[in-house]
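First chain written, first letter: the chains are A, B and C, and each begins at residue 1.
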Amino acid sequence: MSPVVAGSIHRNAYRDSVELMGIAAQLEQLEAVHRAGLIMATPANLAVLAEAGLAEAAAGGAGPNDLVVAVAATDRAAADAALARATALLAAGSGDPEGARPTRPAETLGEGLGELPDANLALISTPGTYASAEAVRALKHGLNVFLFSDNVPVEDEIHLKALADRKGLLVMGPDCGTAIVDGVPLGFANAVRRGPIGLVGASGTGIQQVTSLIHRFGSGISHAIGTGGRDLDERVGGTTMLAAIRQLLADPATSVLVLISKPPSPSVARRILESVRSSPKPVVVNFLGGDPVAVIDAGAYPASTFEAAARLAVRLATGEASPADANDGSVGAVGPEMADLAAQVAVRLAPSQTAIRGLYSGGSLAGEAKIVLGAILGHDRHDQILDLGDDEFTVGRPHPMIDPRLRNEHIVAVAAEADVAVLLLDVVLGYGSHPDPAEALAPAIADAMALAITSGRNLLVVASVCGTDQDPQDVQRQERILAQTGVMLETSNARAAMLAASIAAAAAPTARPAPLVGATE
Amino acid sequence: MTAGGLVHDGGLIHDGVRAVNIGLAGFADPIRAAGAPVVALDWRPPAAGDRELGLLLAWLEDDPSDRVGGAIAAANAQAVDRILAAQPVLVDVRLATEAIDGLAGRMLLHSGPPIDWDAMCGPVQGAAIGACLFEGWAETPAEARKLLDAGRITFEPCHDHGAVGPMAGVVSPSMPVAVVENGAAGNRSFATLNEGLGKVLRFGAYDDGVLERLRWFVSTLGPALSTVLRAGGPIDLKAITAQALQMGDEGHNRNVAATSLFTRTIAPTVATSLTSSVQAEVFTFLRANDHFFLNLSMAACKAGLDAAAGIDGSTVVTAMSRNGVDFGIRLSGTGPTWFTAPVGVPDGLYFPGYGPDDANPDLGDSAITETFGIGGFAMAAAPAIVRFVGGTPADAIGFTRLMERITLARNAAYGLPSLGFSGTPTGIDARRVVETGVAPVINTGIAHREAGVGQIGAGIARAPLACFEAAVRAIARDFGIGVAA
Amino acid sequence: MYIDLETPPGALVIAIESVGGVPAGILVRGSTNLVALGVRPGMSFEPTPGGWSIPPAGIRIDVTGAATWSPALPRTARLVRGPDLASRVAVARAITSRSARAGGLWPSERRSSEEPWLIRARALIDALLDGLRNDDGDRATGAALGLVGLGIGLTPSGDDYLIGMLAGLEATGHPLHGILAVAVAEDVAARTTRVGAAGLTHASLGAYPERLHDVLVAVASEAATSRDLGRAVERAMEFGATSGSDTLAGLFAALDLPAAADRSERPAA
């Protein structure tokens, strides 16, 4: 095969002969390159190129002040690669190699901005003591802030959000675990499809659950903006949620909004609902355990669980604005299949087993479980839902979403408690989470189950996996491992809590009757 | 350096993510994997972990949209401009009392921030005694001591009179001083003539040899230089410094190239305007004194920095100096206020027979060179210096690079070959010093603690961070910033 | 540092001190890296009262009070042929060989494979020298024209060689100097780079860089030591990567040509 000759022409490229020869030598070392030359396109040199069979390299009108890179290679691809390399080497050589800036990693924000002058977001996960100063600095430089750090005083949060508001910037946090902006995961987040639904949430794992379900239901999200856990507190006033709502309402890629939080202070709730009252886009509101009437009054759509919010949002996005159906995961809407399953497994329980123990890694999921349990079983019980990510558990220890050991200890301990009928768990996948949570949990669950059996009891374990098929962890494998261990899996945390509640209700039918609302469909 | 600046409606979600990761390294990976640009900082707590000071610094950041941040940014830009625009020129040599305002009667100037006679270290006291003898205020050292103990001599810092002095830096009314004028701003600064090494006044010696030399300065060298300057015209000190920095000098501890260039510059005028015997004396003196240019270098830096002083809101450092007990700095925005902290002994190598126990704490106004961006800041120009602290030439370059982190500009007029002719790091920002914990590095000689013994070594000193912390707090107070603003 | 800028009527050179004087040039004090100051090829260049300015880079050059220098060869560069000259040229050659970089026209043992342009250049040089030895104007000018624009580098090696050659021919008063000078300058802008064209035009008018003057003066001086020759040669070699040695190659080749009396008597063809 005759060699392919190719060339590129560079204007205003002034290099001395040693540098040009050096580049030629490097090109000739590339695979499949036969010869290479870099030369000014004077008539004399063009004649030489022609004699060497490289005339085509200068095709395209090169004059005496233009530099020609000529290569002869085995095929077009190799020739193009060589030319690209030459271009890169010429560009690199235009600085001063001696005394060139050494690569010292940037330590301060100012130095970081030297490397990325048009940065627009600072992710801050420093210890809480220093987080406020970093956030102030970032805002002053015109950057939005994702503030993962907690233990930030509320006074600091108020000042930060006032500064951000003055400058038209967002402060996501403090204590903001999750956000997804323009498809980019921030903090602990799941890989979800892009789509028309925009979220604003004061709950990290709440955002994770809703976004994951939206993905599973076939839709996608535009942006998920975290506000930090305290944004809707009376003193802070919901500044970030309000700003995020404004941005999403103005975003052409967003057609439905979803707002998630534990119940805000009444005045803040009012302000937020006011801001969506005349919204041209439908807004789903899940203020966990909050009053749906106020939401409806504001022209928005209430949802009582994360799953309900996700379903509703997807239906609104596809144009169906309809009331929730009975089996959509709303609180209290336990369908007949779940009731049957609950009855079936409840017979395996020993008489002493009546309580539910929840061991959660996600705070919002724990909160949701409590709401669901309360709605189905009432509040006069000895259930206990623990958020193991809470401060009291994480002092000096990594978060349970990253490190399973603390939860595993608790799981095994639960097996020794005679009154526990159901162990309720969340398994959260996504960026930042443990690479194989099911694998990490399975032995402890198995141990606990075995331990219970030796004491004549049957420990039932109910869980949900919060994640998508695009997450770094293999969601199908996670579910398979858990199922093989004997865990009863539900598709959402709300359903898992409902199943646990149903089991407990079936196990103690003489206990105070709870509203087991079921539609006969 | 501002970024973002986003419109309310569009905001972050409009622009896509371009992130800086501050804290846990793992958060940067998913961002990178998603194809968004991210810079991961090698972060550590600013201000050595002092939360309150860290917050103060954050509220003092440049910010054009903010009353405080905008004022500081503009003030610093002005200060830096003035420093870089400096055109120091040696115009004359005059007696101190004629040239320096307010130096009259029984007054002595000294280096560093204000200090009383009884608190002064050995070399400074020795220099004061020598000055009294030179002026004829006393006949013997014992008489001089009595005068000084009785408080009959007034002491003021050189800096307060537009002057700078190396080591003890004592200036008395009858001493000839170099007069340096900043052509860009019109202000003047002054420095005595450098005596050379060995038994010299600035190390506290006051024997007959010292006094004889001082008198020779008055009778011969001073007038000779004055004649040369009038006949040959002013001498461009900036040009000499720029060349010398490319010849192995750094402008503080190595001055032989600059001294040689100076000598070469005045040689033709010396040859035509001085008698041959005076010529011989002048050239012999210059030949033996490698550090003659140091005092001129210091006065040149002082002239440039003084032009940048007094700009409200500026956090640029306009003076760094030591009196053998305290280290003091001044900021442009806080005027004549000294921020001081106790000073220690430099880190270095000692001449045979001497050790750290013999050393005097760091002393002299010569840190004005580092304040201007040369001296230790230009160590990349003079790698030989690092031998005094057991380093390598790469360390010398490293120090200059390190100083880039705490300065606002590069002085293109002073390009350093080993850095690809990059300019010297200029315009020390007190905020950056406190934020990074990187203290300015000073190349310095080490004096014996006893008056009159002289130099016993050389090395590197770091300015105390406490001075800069105090200065930052003062600026914050001026702007009315507390912990949470 | 050599910057070539467009200015009417042609290129003007700004050089820094270490380069030495150049024809149509401004020598700037110090060793400032002009690129570091923001000067880029193609920037506009304007006269101002008292000097010149490069507005896009914000640079002003003040030439009032600057010393002037003539690029014409000084009297002391005129050479008298003889065995002494030959031995000084031999010393200068040896010094050049020691520090010449590979890749230009200067012969080098380090070269493994010969570049095509170099093969052609050698043939042309042989023809040129043959023409000069035999007073064959056509042969010499034909070969010289072939060398214009030939070779690598900012100034093609052929141009550097010719500049050195012209300086040597002028210094020794070679009869073919005039014809050759006119020939190489003809239509030169279309035949080579801007920098090469400027150098050849100046050389044809008898204007040479200071470093060439220095080598000629050193070689011409009977009292020259090898140290003197070495210093002059090394200064000439500082320029460019191979430009220096290429220029000296042409210069020494011209100086080694036999004197008129030794040339074979031949009628002009």
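Here is the rule we go by: a contact is a pair of C-beta atoms (placed from the backbone, for glycine too) under 8 Å apart; a residue touches a chain by one contact, two chains touch by 3 or more.
All of these numbers come straight from a predicted model, not from anything done at the bench.
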Centre-most chain [mean C-alpha coordinates]: B
Farthest chain (mean CA position) relative to subunit C: A
Computed distance of Cα centres, subunit C from subunit A, in Å: 67
Chain centre separation (subunit B, subunit C; CA means) in Å: 47
Rounded Å distance, subunit A centre to subunit B centre (Cα mean): 52
Where subunit A touches two or more other chains at once, by residue number: 96
Where subunit B touches two or more other chains at once, by residue number: 417, 420-422
Subunit C, residues touching no fewer than two other chains: 33, 36
Subunit A contact footprint on subunit C (complex, rising order): 4, 33, 35-36, 41-42, 101, 103-104, 115-117, 120, 146-154, 156-158, 189-194, 196-197, 240-243
Residues of subunit A touching subunit C in the complex: 12, 14-21, 37-40, 42-45, 47-48, 51-52, 64-65, 96
Of subunit B, residues touching subunit A in the complex: 1-24, 26-31, 34, 36-46, 49, 51, 54-55, 57-59, 61-63, 65-66, 69, 401, 405, 416-422, 432, 435-436, 484-485
Interfacial residue positions of subunit A with respect to subunit B in the complex: 96, 98-100, 102, 104-127, 129-130, 132-138, 140-144, 148-149, 155-156, 159, 166-170, 181-187, 189, 222-223, 225, 243, 246-248, 250-251, 431-432
